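Both of the next two complexes hold chain A, though its partner changes from chain B to chain C.
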Partner chain A sequence: MRTGYATCAQAHSAGRKRRSGLHVGSGTMEGVVAAGANAHADTGTECRSRGPGCSLRHFACEQNLLSRPDGSASFLQGDTSVLAGVYGPAEVKVSKEIFNKATLEVILRPKIGLPGVAERNRERMIRNTCEAVVLGALHPRTSITVVLQIVSDAGSLLACCLNAACMALVDAGVPMRALFCGVTCALDSDGTLVLDPTAKQEKEARAVLTFALDSVDRKLLMSTTKGLYSDAELQQCLAAAQTASQHVFRFYRDSLLRRYSKS
Partner chain B sequence: MAAGFKTVEPLEYYRRFLKENCRPDGRELGEFRTTTVNIGSISTADGSALVKLGNTTVICGIKAEFAAPPADAPDKGYVVPNVDLPPLCSSRFRSGPPGEEAQVASQFIADVIENSRIIQKEDLCISPGKLAWVLYCDLICLDYDGNILDACTFALLAALKNVQLPEVTINEETALAEVNLKKKSYLNIRTHPVATSFAVFDDTLLIVDPTGEEEHLATGTLTVVMDEEGKLCCLHKPGGSGLTGAKLQDCMSRAVTRHKEVKKLMDEVIKSMKPK
Partner chain C sequence: MAESVPVTAESLAGSGARAACTVLNQVVLPGEELLLPEQEDADGAGGAGERPLPLNAGVCSRVRVVCGPGLRRSGDRLLVTKCGLLRHKEPSSGSGGGVYWVDSQQKRYVPVKGDHVIGIVTAKSGDIFKVDVGGSEPASLSYLAFEGATKRNRPNVQVGDLIYGQFVVANKDMEPEMVCIDSCGRANGMGVIGQDGLLFKVTLGLIRKLLAPDCEIIQEVGKLYPLEIVFGMNGRIWVKAKTIQQTLILANILEASKMSCSSSRLSRSRMKPSGVLAGVALSCLSALEQYSGQMWLFRGRGAVLQLWARPGLQGRARRLPAEGGEVRGAVGCAAGSLSSSSVSGCRPRKHVA
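This part shows the complex of A and B:
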């Protein structure tokens, strides 16, 4: 469902969104300039039915839906939904500044309650993953903040957070050397692999593995696991995740192509 | 002159060593620092262990207390780990609430305990629905020189092996717990998870057991926790440069060797303690 999209594609070719002249182009688009109406929704057309084994849930992404952050994205995987906003490169506190690269910060807010130790752990995972791909050296002594809000959790939460963060960073025009995506695998008691498990499947599984893979050569950027599994099973899950990541990257590409095409 | 070069260009200085396949402290790329373990040093704790991995020193003290079991699992006890990185161990930590590093380490230890099922929580139950043991595991770092996760896991394992719980009986008439301090028994440790940490340099080189400086210069870290059957409890890679499947395989094999080394050390220490 399209509601009109920002025609600042020219600004994006430089990789950086111009803040001042941003909404000028949108005035010409069907007069739809309500706050937040500058959104572009795209649905992944992959794997609607979940066969046994390796298929992902239906996923969807919406970009540029918030007006305040420099970039924002909402990523849906099945019923799991995460909203991400990116501010940056912006000013940084002197105590936190790094002289030769950008300081990346990630804030993860759970759906209910205050952030606890588990959120801090996830924040660090996401932050280190983003640091590995973002070209911080181009913006020294600045800060790039990624704020993630969990809207609903129905399994594969960390993977969904990673995907939302990546889309939001792209929307903000932060220079990156590669895109990344998150994939979750669950191994149940008889060793069957399920990709992108639901909350119920995660609870019943013997092991749940979450990987972040980069888009250039599908290398493993981040991994966090729960439960016991063997080395062979790890390699199997990694291979399955690498295949699944191709779908996600293709979806990113299609989504962005559609957004910036002139039609 | 070398000291000057090291201050100005630490990464280049380091690369010179890596080219010769060794490190500034003389170790090979796959070699661990000298590991020492001392158990039972804290007499006021129910179990304790001190682990030194080169300069990195972590002490673990375990206290057992009574608690009501959780409502959704009336036959289970609790194991509550907490990793503390005080300003004593390194200048990068300030006093006050636990920083991110300490919280991440605490979460990591909690995950290792949960995933490896080192203790069956049912063993900690005294009376279902009424009374259970809760083991407070406090890990304090006394000296931070890198590779804190390995040291913490080892300290926790050694301390748990050292824990002696007194026998508790529930008196039927008064419904109170009677603790018999004369009769103590060791915990039933089911598996022995051992952590092996690696640092990734320049996206390609993997070195084992990084020191503090190496961790600072590295582009990524990876920790593998393995138990004796070669099953993985945890593959902790918090971002950093990418790794291929083949590199991961090398890490696994190194982790297997490390597990054997640590197990041997543990058995020696336990054996030396027994005649008490």
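This part shows the complex of A and C:
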């Protein structure tokens, strides 16, 4: 039984006619996303003609879709899709237990191949973000495991992983002090800021910055950057990410409202 | 940014803390802060009225409010830690501000003291049994925690048995401990669950919904055929009926009852098993004469319903009361219906097979 399905089309909510790329996404999610995308025109386009620097791609989220994990969520951002499952608070090996808080583990599996160094790096970043937000002190000597499976990667992967992890943690009922979201910015060679870049935009960009922000005060929880940028550009990207995170949190809220209104 | 998407008042950053009474029965998200009502009164009243000047100007007197699951205290506000619907219950005794909690949907159980759960015995070591209750660690159950158990008269519990018991110690720092007797030393329905039957798992929210006092699902189901159900607050349900087909039908009904209304659910599943008389009632029986001779009550967390009869013996049945403490005893017969009786008026009857 699938509950909690919601989509967010920024064009729709802002009430403007903007051509955003509403490609329906990977095959596994088709049945789900198509239902939501029918309300919006423009399926099947792959080019993205967004205004410089300001729009996020189409979001979709589904919760409680896996039966075995305690919480699960699937998050779509444009073409990028990540499936997350959370187990916890569960038993922990004595070697890994921490006496006063929960042991948080993140496992990230790429779409093809074995996990390598890049996955381990992303796992560490996601884990640090989750540890800042999850109230581990309520469940000492237990383990909370977040398993992320990349279903398709079309840019802004780390941000999509963070969003999927947050929705899965909420679905599992793990106590948290705030919600968090991930936003990616890309700076291209003439200094233009693009939020939620595609894979092509990321490759051509001069710098790619990913931020994790929390829901209470838009504080910065984690940032990872790659490339060349100036101090002013960093501040500009951070401000843009903070504004964009409002949309993500509003989408979380709508998605969860819809889920609880069904029960 | 070139385009400025209007920041609505719902944005989480701008809302700040809201009053708890304004968000009752609405969805709250982790990270939101809620103001308790009396604080607003103190802020709003200003200098009017004849309140005595507090010595500490910054502190306002607060009514004691109990913070339930999903909420934490942060300073003088409530911080929401789980996503769900915010609920409130007025205090029955008149003092205090009542209880606030968040009704969330979860699958993983965390042991809570006083909860009645179904556990599976996983190990026997010395004087204690290790029982898996679905939490982060197995609970321990002493062999003396059964009714009538002494050092010489050990209970007959094997690895793999199902146990219905309650927690006496359950906090985040210690290993949970459970017992199969109540504070008076009587079993009260707890102990080893009998042979056969089917154990399956549902979400915790569904268990609470089925055990709520206003839920008619159990009554409707009970009118079909004789059955036994045990609900554990850890999401486990054990059912047993005369035939395997009936047992499976029952399990399907209970699992499907997470959808909303009851009539549609009953019509959806196959409700006409062959060979069952029409109008069969619950075969739940009153208290055992051989143990205590009267029906006894026990209160679990929330309303707990347990119908339990051992086949072949004089059955035991307890209908545990809802919050209001009303007990309805049911006398089983092949073609009767549920009847109410007071506690003392319930007479033990033989099990009608």
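The rule is simple: the second predicted complex is superposed on the first by the 212 of 263 C-alpha atoms of A that agree within 3 Å, B and C clash if a C-alpha of one lies under 4 Å from a C-alpha of the other, contacts with A are read in each partner's own complex, and residues count from 1 in each chain.
Keep this in mind: contacts are C-beta pairs under 8 Å (C-beta built on N, C-alpha and C of every residue); 3 or more make two chains touch, one makes a residue touch a chain.
Since this is a predicted model, take the numbers as computed values, not measurements.
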Joint occupancy of chain A by chain B and chain C, clash or fit: fit
In the superposed arrangement, which partner chain does A:150 touch: chain B (first), chain C (second), both, or neither? neither
Does the superposition put A:168 against chain B (first), chain C (second), both, or neither? neither
Look at the residues of chain A and decide whether chain B or chain C touches more of them. C
After the superposition on A, what does A:253 contact: first (chain B), second (chain C), both or neither? second
So, A:131: does it touch chain B (first), chain C (second), both, or neither? first
I'd like to know which partner A:159 touches here: chain B for first, chain C for second, both or neither. neither
Using the superposition on chain A described above, determine whether A:217 touches chain B (first), chain C (second), both, or neither. both
May I ask you to decide whether A:90 touches chain B, chain C, both, or neither, giving the answer as first, second, both or neither? second
Pick one for A:208: touches chain B only (first), chain C only (second), both, or neither. neither
Contacts of A:181 with chain B and chain C, given as first, second, both or neither: neither
After superposition on chain A, the shortest CA separation from chain B to chain C (Å): 14
Need the overlap of the two footprints on chain A, from chain B and from chain C, as residue ranges. 214, 217
Of all residues in chain B, which touch chain A in the complex? 100, 103-104, 106-108, 111, 114-117, 219-220, 227, 230-245, 248-249, 252
In the complex, chain A touches chain C at residues 1, 10, 13-14, 16, 51-55, 64, 70-71, 87-92, 135, 138-143, 170, 172-173, 175-179, 214-218, 240, 243, 246-247, 249-250, 252-253, 256-257, 260-261, 263
Give every residue of chain C touching chain A within the complex, in rising order. 1-3, 5-8, 10-13, 27, 29-31, 70, 72, 79, 81-85, 104-108, 110, 135-137, 172-173, 205, 258
The chain A residues in contact with chain B across the complex are 117-118, 120-121, 123-132, 209, 212-214, 217, 219-231, 234-235, 238-239
